[in-house]
Amino acid sequence: MQSKLIVAVEFGDTDPAAIVFYPNFFRWFDASAWRLFVKAGLTLDILQNEFGLIGVPIADARSTFIKPLRFGDSIEITTYVASWKRKTFNLVHEVRKDGELYAKGLEIRVCAEPLEDGSGGIRAILIPDEIKWRLSARD
Amino acid sequence: MQSKLIVAVEFGDTDPAAIVFYPNFFRWFDASAWRLFVKAGLTLDILQNEFGLIGVPIADARSTFIKPLRFGDSIEITTYVASWKRKTFNLVHEVRKDGELYAKGLEIRVCAEPLEDGSGGIRAILIPDEIKWRLSARD
Amino acid sequence: MQSKLIVAVEFGDTDPAAIVFYPNFFRWFDASAWRLFVKAGLTLDILQNEFGLIGVPIADARSTFIKPLRFGDSIEITTYVASWKRKTFNLVHEVRKDGELYAKGLEIRVCAEPLEDGSGGIRAILIPDEIKWRLSARD
Amino acid sequence: MQSKLIVAVEFGDTDPAAIVFYPNFFRWFDASAWRLFVKAGLTLDILQNEFGLIGVPIADARSTFIKPLRFGDSIEITTYVASWKRKTFNLVHEVRKDGELYAKGLEIRVCAEPLEDGSGGIRAILIPDEIKWRLSARD
């Protein structure tokens, strides 16, 4: 399964060099990850109330920036799960403008539940089969 | 040379799980990179007017997130150049709370000048010795 | 003339109370203001190169927040010029979900040009008739 | 009682005109409001667990922007309660650089508790005397 998110690059996303301030790419990656989760029926409400998770936080994030984006650009972000491990999964985000690749991101996410020791800590659990199954369904 | 940046985690930096929304780490990495540049005498004004750069944009950014941060936490970010290539250099950002490592980031940056073909494009140049020298000076 | 901007409320726009962190509304107002300017043919490039402006910065901004918005909400922002003075104009932003008003914003903007004393300062000029005319055109 | 917050204006806070993108002022106002609340002993945890609130959300926010701020500027934000009504209170935020006023903000906030109808809605309650008393204490 893959999701597509269209993003309009806004004036406020850009810096004094008139190109996108790069942390915004990660903001868009997170938004695009949620498009995929929701498409798979995994809303935040379902993740919290059916799976007992606090969410699917990030263990590792990275991006390669190929060409700069500017105010007025319209981009399409394609997001899909590239691989699974027992407790982590890799989400790939491909950012294209007019079909050309402008950035490519990778998020390593976990399924996290709260520690029950009152510390406020969280821990990664084995990824539930149901979540793996839903995110791997054919489009 | 290394720089230190103290950051207070704000309410608005956190998400519905009450932990920091991860793109903010990259916002802090960029701020911490500028602390290092300015400490080395490389203000944006000097980079633009003495070196003819549009800036030092990011070719690649990544971070490992070790423990979650919350509103009210105070963190210290230590930033330094870890390695040089001909056209890129690696900046490491270590995020600590109470001396303990909470995240570790890496930015690969370039020295960029505008293309002169009116396209609005930018290109990475050989890193000027002066910039390398300044960022490598002893503290 | 009025413009419409559709915004999807993202996970990262919300705070530990799971409602939108309010500075994001102003980010959306700015994006919606640019939709109106561009619809009127006033791109940033045209404002800078044909009108000699550095932009249309904000002298005053305000918003009333009527009902909270949450992750997953889809909103529509309607933006139009409500009044003109010699050096300022008032932009109104109406935020609706399912037709119901959730917030109402007002931005007072100026047409700014750079001071020529090298101070980096800016000053508001008389609003050019052409700008007023374009933003007042019938849809 | 009043609080002071020092903020360093970062590269990423500024726009293509090299001045602060204005929604960031509201981000700083919120941070400064929390400095005041915490100084008065009203942490988020205490507001939630002792007072049963979801927080102190914004009913109305506004700001006048007097002079532009740039990357590298250091500002001081002074925050205090200017007036009380039964269900709202007004927070004033004065932004100064080198003692000079650059912006002045006003937030109208409420003490909000969750509706118990499962709608996810919130409602403003009468401001508890204890909250009023704490925020009105002498410095």
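Odds and ends about this structure:
Should a chain be cited, it is by its letter among A, B, C and D, assigned in written order, with residues numbered from 1 in that chain.
As a working rule, a residue touches a chain if its C-beta (ideal position, glycine included) is under 8 Å from a C-beta of that chain, and two chains touch if they have at least 3 such contacts.
Values in this document were obtained by computation on a predicted structure and should not be read as measured data.
In this structure subunit A contacts its sequence twin subunit C using mostly the same residue numbers, the overlap exceeding half. Across B-D and C-D, the chain pair carrying more C-beta contacts is C-D. Rounded to whole angstrom units, the spacing between the C-alpha centres of subunit A and subunit D is 31. In this assembly, the C-alpha centroid of subunit B lies 29 Å from the C-alpha centroid of subunit D.
Centroids built from CA atoms put subunit D at 22 Å from subunit C.
Residues of subunit B in contact with two or more other chains: 11-12, 15-17, 21, 23, 27, 30, 44, 71.
The touching residues of subunit B, counted against subunit A in their complex, run 15-17, 19, 21-24, 26-27, 30, 44, 54-55, 57-65, 67-68, 70, 120-122. Residues of subunit C touching subunit A in their complex: 8, 10-12, 27, 30-31, 34, 38, 43-44, 71-72. Within the complex formed with subunit B, the subunit C residues making contact are 11-12, 14-18, 21, 23, 71.
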